[in-house]
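So, here's a batch of structures to check.
Heads up, the next two complexes both have subunit A, just with different partners, subunit B and then subunit C.
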Partner chain A sequence: MQRRSPYPYWFLLPAGTIFAVFFLVPTVASFYFSLTYWDPFEARFAGFENYQQFFSEPFLARGVMNTLIFAVLTSGLKTVLGLLLAVLLTSGLLGQSLLRSVVFFPVLVSTIGVGLLFQELMHPTEGAINVALEAVGIDGPGWLTNPSLALVSVALVDVWRGVGLATLIYIAGLATISPDYYEAARIDGATRWQQFWRVTVPLVRPATTTVIILSLIGGLRLFDLIWAMTRGGPGFASDVLASVIYKQYQAGFWGLSTAGNVILFLLIALLIVPLALHLNRREADL
Partner chain B sequence: MSDVVLKGLRKSFGALEVIKGVDLHVASGEFCVFVGPSGCGKSTLLRMISGLEEQTSGMIEIGGRDVSRAEPKDRGIAMVFQSYALYPHLTVRENIGFGLSLARRPKAEIAEKVAEVARVLQLEDYLDRKPKALSGGQRQRVAIGRSIIRDPQVFLFDEPLSNLDAALRAQMRIELTELHARLGTTMIYVTHDQVEAMTMADKIVVLNGGRIEQVGAPMDLYDNPATPFVAGFIGSPKMNLYEGETARALGAGSVYGIRPEHVTLSESGGLWTGTVRHVERLGADSIIHIEATGLGPLVARVEGHRAFAPGQIVHASPIDGREVRY
Partner chain C sequence: MTNRLTRSTALATLLALSGGALSAQELSVLIDNNAATQAAFDALIAAYTEQNPDVSFDIELRPGGGEGDNIVKTRLATGEMADIFSYNSGSLFQALRPDRTLVAIGDLPNVAALNESFLQTVMDGEGNVYGVPYEAAMGGGILYHVPTYEELGLEVPTTWEEFMANNAVIAEQTDKAPVIQTYRDTWTSQLFVLADYFNVQAANPDFAEQYTANQAHYADTPAAQAGFQRLQEVYEAGYLNEDFGAASFDDGLRMVATGEGVHYPMLTFSLGSIQQNNPDLIDDVGFFAQPGDSADSNGLTIWLPAAVYIPQSSDNIDAAKDFLNFVASPEGCAAIVAANGATGPMLVPNCDLPEDVPTAVSDMLPYFEREGGTAPALEFLSPVKGPALEQLTVEVGSGIRDAASAAELYDQDVAKQARQLGLEGW
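Now for the complex of A and B:
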């Protein structure tokens, strides 16, 4: 057997170097630094003290719960709305291409911009949303000031911002379904609803898997939108893991915040890897 | 009673008219094949009968009932697609029972009917498999099973064998013909393959450019093609056709035709003289391509593999009474 030439591996070197310097080394380093008290000048080994302290944070449990609620809520809504919008935008609607651009447009806007914009729109007294509600006689809630509503409000904005991408993925998925399936179903007497539920939904599953995984990861590690809109407030009502970590970093507890990041990384891996395996296995049945 | 009657059927896509007035009567229980080159409108015609495509004008009757504006499910038809359209996420059992489960029939009834269809089509061993674990011929049978279970008045087939290899196609032709004999249901079958048309049909409808060229039994079309198009389309190898001065010299108005199997070859004496260009030996017979003086290319079919060689001078004659003249 001929020995494989090392020649092709040289081509891996540039990309490999960049990947190692900017991803592998920091990742491994962060595992180490999470076990230390560190600042730019020195790192003192501390064992698992950072982790102990992180888990004893009074608002940590709230932060983890909020993270999970946020991720599941946004992922679920993006999946359902994305599919419905994609079906609508591939149904031969008038002005379909224009509407597709409109739906996708928020994806292109900076998250901070979106956050600031909705902070204004959701202002309890002067925001356009409540002003509009008032005009029809409804007393609008304090979207971002009501502790039991703040997280949900941010989640809805995240869905508005991200549903365009989900829709795009679904439109691509729908395009792969042969029209024969729908025609065969029509001959069998399938109603519109049955065609959707028994043909579209199962056959578009590869796209569903992609949307669920991408939006769950995005939801679990979301930081920028929360920070721009509520900074985790009011109080700690809308704090998620990422904002808790950032607050610790701001307060100068660098080792502690690094430990928080490692925990977030492990949480995402623990949730996403089995889910992805499960969804992909079912997909392979197709 | 499951006659299919088409009256003045037309179909336009925008300014383009693809079906230009079709009148046809398919008798109850008949195996009717629509055949023609690609783009002749045969699939469109089938889709109009199924209701998947709406006609621009004209009328469709199935079993004595005007179904021109009826939904596909209300026409008493079942259709087998070229792609089979089997749902990849469902098992064979679920695929066959799909229509009944849409109609919310009781589970026991579905199971019973699926078992019956599986028995007829010898699919009993595959009921729990997904379509991807089946061979082409088995998928074909599942697609047929999904049609049979609806107990339709009319079966529609849209080029159902074109995804199969030659050997399987020959086998499925026989299976379909036997199935037709067993069920006795009206079947309308679209193909571009004139061999399928000739071997399976009770009645062939030759379509060309959105119009019917000729309707008849296979041997009718073979022996008495009504137009030069039918003459050229039915039969393999193709009929030798000559136009203009050559045709007139042979006593035809505009077109003269003679089938390869109706040309006799000899080494001395014949109507035409020519040089052998190429010989295709098929075993049971041979196809001889000749360049004939004053005639042009001439193809002859002779039994066995008689010793004709390229470059050889041969004499050819048409068999009396087998020529066609237009």
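Now for the complex of A and C:
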């Protein structure tokens, strides 16, 4: 016999109402509006026209590719650098707490502010970066104006901005590893390198899973930094799904951009759900 | 809502205390953040409140371009629009569904007297008028640095070939950039294409009609594709300023005013910004129409000015209408000219330009005085305009894509827009 919950179901009502009004209804409505030609004043039913249009968008393929490149690049760098920084910052270095704050600080700054600041720093002729490079005799590239470099430049800034959070998660992860393992490893004659590979890396796996999934989702849906720095340009060179969607909205094609959002939602779900299952299973196997 | 109630209660109390100047009113105004627009409204409001001291104004700024579009459309659709707002005329204005969202103002005494071709661009299908202009008509063409032309003994070109020859001389004899491009503000990249429209319609008089009906396109009309070609040519010749990818609109205006660059394809409304930013250099900037293939059909592509409108959601329609009537009056027009200088022909009757207009304006006036010397830009003749043009022209101007491919992609972009708008024949 199932035990009745001591609380009546209507206790769920306040939270349930908020969830329904702000999350459930808009989600369902967005599926409907993605099937319409929708402008500020009316919505005409269009069937699957918007999806067809979105997939035939000449710059979409590029946007999808860029989204994946950006997400994998930033997620990979944040994971590797985050772990290295966390190891460094838990090794009892002088001024360790100060350094931890310094690494975390960019996380607290507004993304738009970071974007505009780096837009100035990366100016091809007057920006601080190229002026500094010129002083040592290097002809700096157009970080944001060279179409093959723009996306990578934005990705590097995103790593600078986000690595503090990854480091923080890793520091918490490292704190859970019992010193006994290191002691045992040292008695067995393991070098520092071996301790890192054989003890630290396997045992911070839960933190690694969290960092990878968070940064991958963040990378897939990143919009503000790209918009502040390049607006998807030059041309379409650094367009990602989110900026392609935004531009449709900006042009007044609301139904079309809603269709794009539904596609983005499905893409993130398709990538993240299997990945999360996979990473969590590996964790359970350990 | 509660907020508004509290505010009006407070206001009522205040009025009662101050002895009941019942007509005291605050009008909210939403305008774009262009320096010249701000100066025009500051001057208009100062002149208006002098006559009507009990009306006060609350100005709110919005960005221009696509982002400004969004703000205007969203606020109109949600009924949150300010009492008075500025927005484009022509096809962009039509997309606001004026008959459903705006207040018709054709009954105002000063509106009927406005320039007829302007009224066409702020009118719905039934002939109701909704807006009054707060700026001069503009030309789209090439701003140039006059002292450099004088130094090198160059002549104003009337064909594209002469223009490119001038560029060659500038590149050879000076270290100035022959052509300025400013792609941080992507919209500025479209000028070579948009300002070429006089030449397009000179070669194909029916282009606008056929283009709207999906019968003529940029890719299959050589005269229309020429604009993209010209942009590609200046890039390939290496005539652009070194930082063209990162320079801003304001940088471009500074460069053409100081002579760091010599030609800047631009709309003449920007003279107002030069007047604000570099007033002592305004007479160093001259202007000519974008030259085409033949000197016989040399003329200017013109843009009719943006306008101010009143949304139906306004609580102060009568006061707002009175202000618009003032904007359309010779006094209102004079206030604008006093603030921004004369940037082009004003469309308000009896509003004369001062004697000493800037060089670029006096360069522009002859086109207006000549029969057939001007043609409206395509966006005033057709509702079809793709949103991706500015990205495509950045690509052509940066050497990422060639003109033919950009024209083809632009046709696809245009088709998308026409389908979204539900136009016939697409």
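Things worth noting here:
Just so it is clear, the second predicted complex is superposed on the first by the 275 of 286 C-alpha atoms of A that agree within 3 Å, B and C clash if a C-alpha of one lies under 4 Å from a C-alpha of the other, contacts with A are read in each partner's own complex, and residues count from 1 in each chain.
We take it that a residue touches a chain if its C-beta (ideal position, glycine included) is under 8 Å from a C-beta of that chain, and two chains touch if they have at least 3 such contacts.
These figures come from a predicted structure and were not determined experimentally.
When both complexes are superposed on subunit A, subunit B and subunit C fit side by side without a clash. Once the two complexes are laid over each other on the shared chain, residue contacts for A:Y37 go to subunit C alone; subunit B is not touched.
When the two complexes are overlaid on their common chain A, residue A:G95 makes contact with neither subunit B nor subunit C. Using the contact criterion defined above for the overlaid structures, shared-chain residue A:S178 touches subunit B, although it does not reach subunit C. By the touch criterion stated above, A:I187 is placed in contact with subunit B alone, subunit C being left untouched. Look at A:R198: by the touch rule set out above, it reaches subunit B but stays clear of subunit C. By the touch criterion defined above, A:P6 reaches neither subunit B nor subunit C. The partner that reaches more residues of subunit A, of the two candidates subunit B and subunit C, is C. Rounded to the nearest 10, the angle made at the CA centre of subunit A by the CA centres of subunit B and subunit C in the overlaid structures is 160 degrees.
For the three-chain overlay built from the shared chain A, the minimum Cα spacing from subunit B to subunit C equals 51 Å.
On subunit A, the surface touched by subunit B in one complex and the surface touched by subunit C in the other have no residue in common.
Residues of subunit A that touch subunit B in their complex: 178, 180-181, 183-190, 194, 198-199, 202-203, 205, 285-286. By the touch criterion stated above, subunit B contacts subunit A in their complex at residues 50-52, 71-73, 77-79, 81-83, 85, 87-89, 98-99, 102-103, 130, 146, 150.
Interface residues of subunit C, counted against subunit A in their complex, comprise 66-67, 69-70, 73-74, 76-77, 95, 97, 100-101, 183, 186, 242-246, 387-388, 391-392, 394-395, 398, 400-401, 409, 412, 416-417, 419-420, 422.
Only residues 37, 39-41, 44, 49, 53, 57-59, 123-127, 142, 144-147, 231-237, 247, 249-253, 255-256 of subunit A touch subunit C when the two sit together in their complex.
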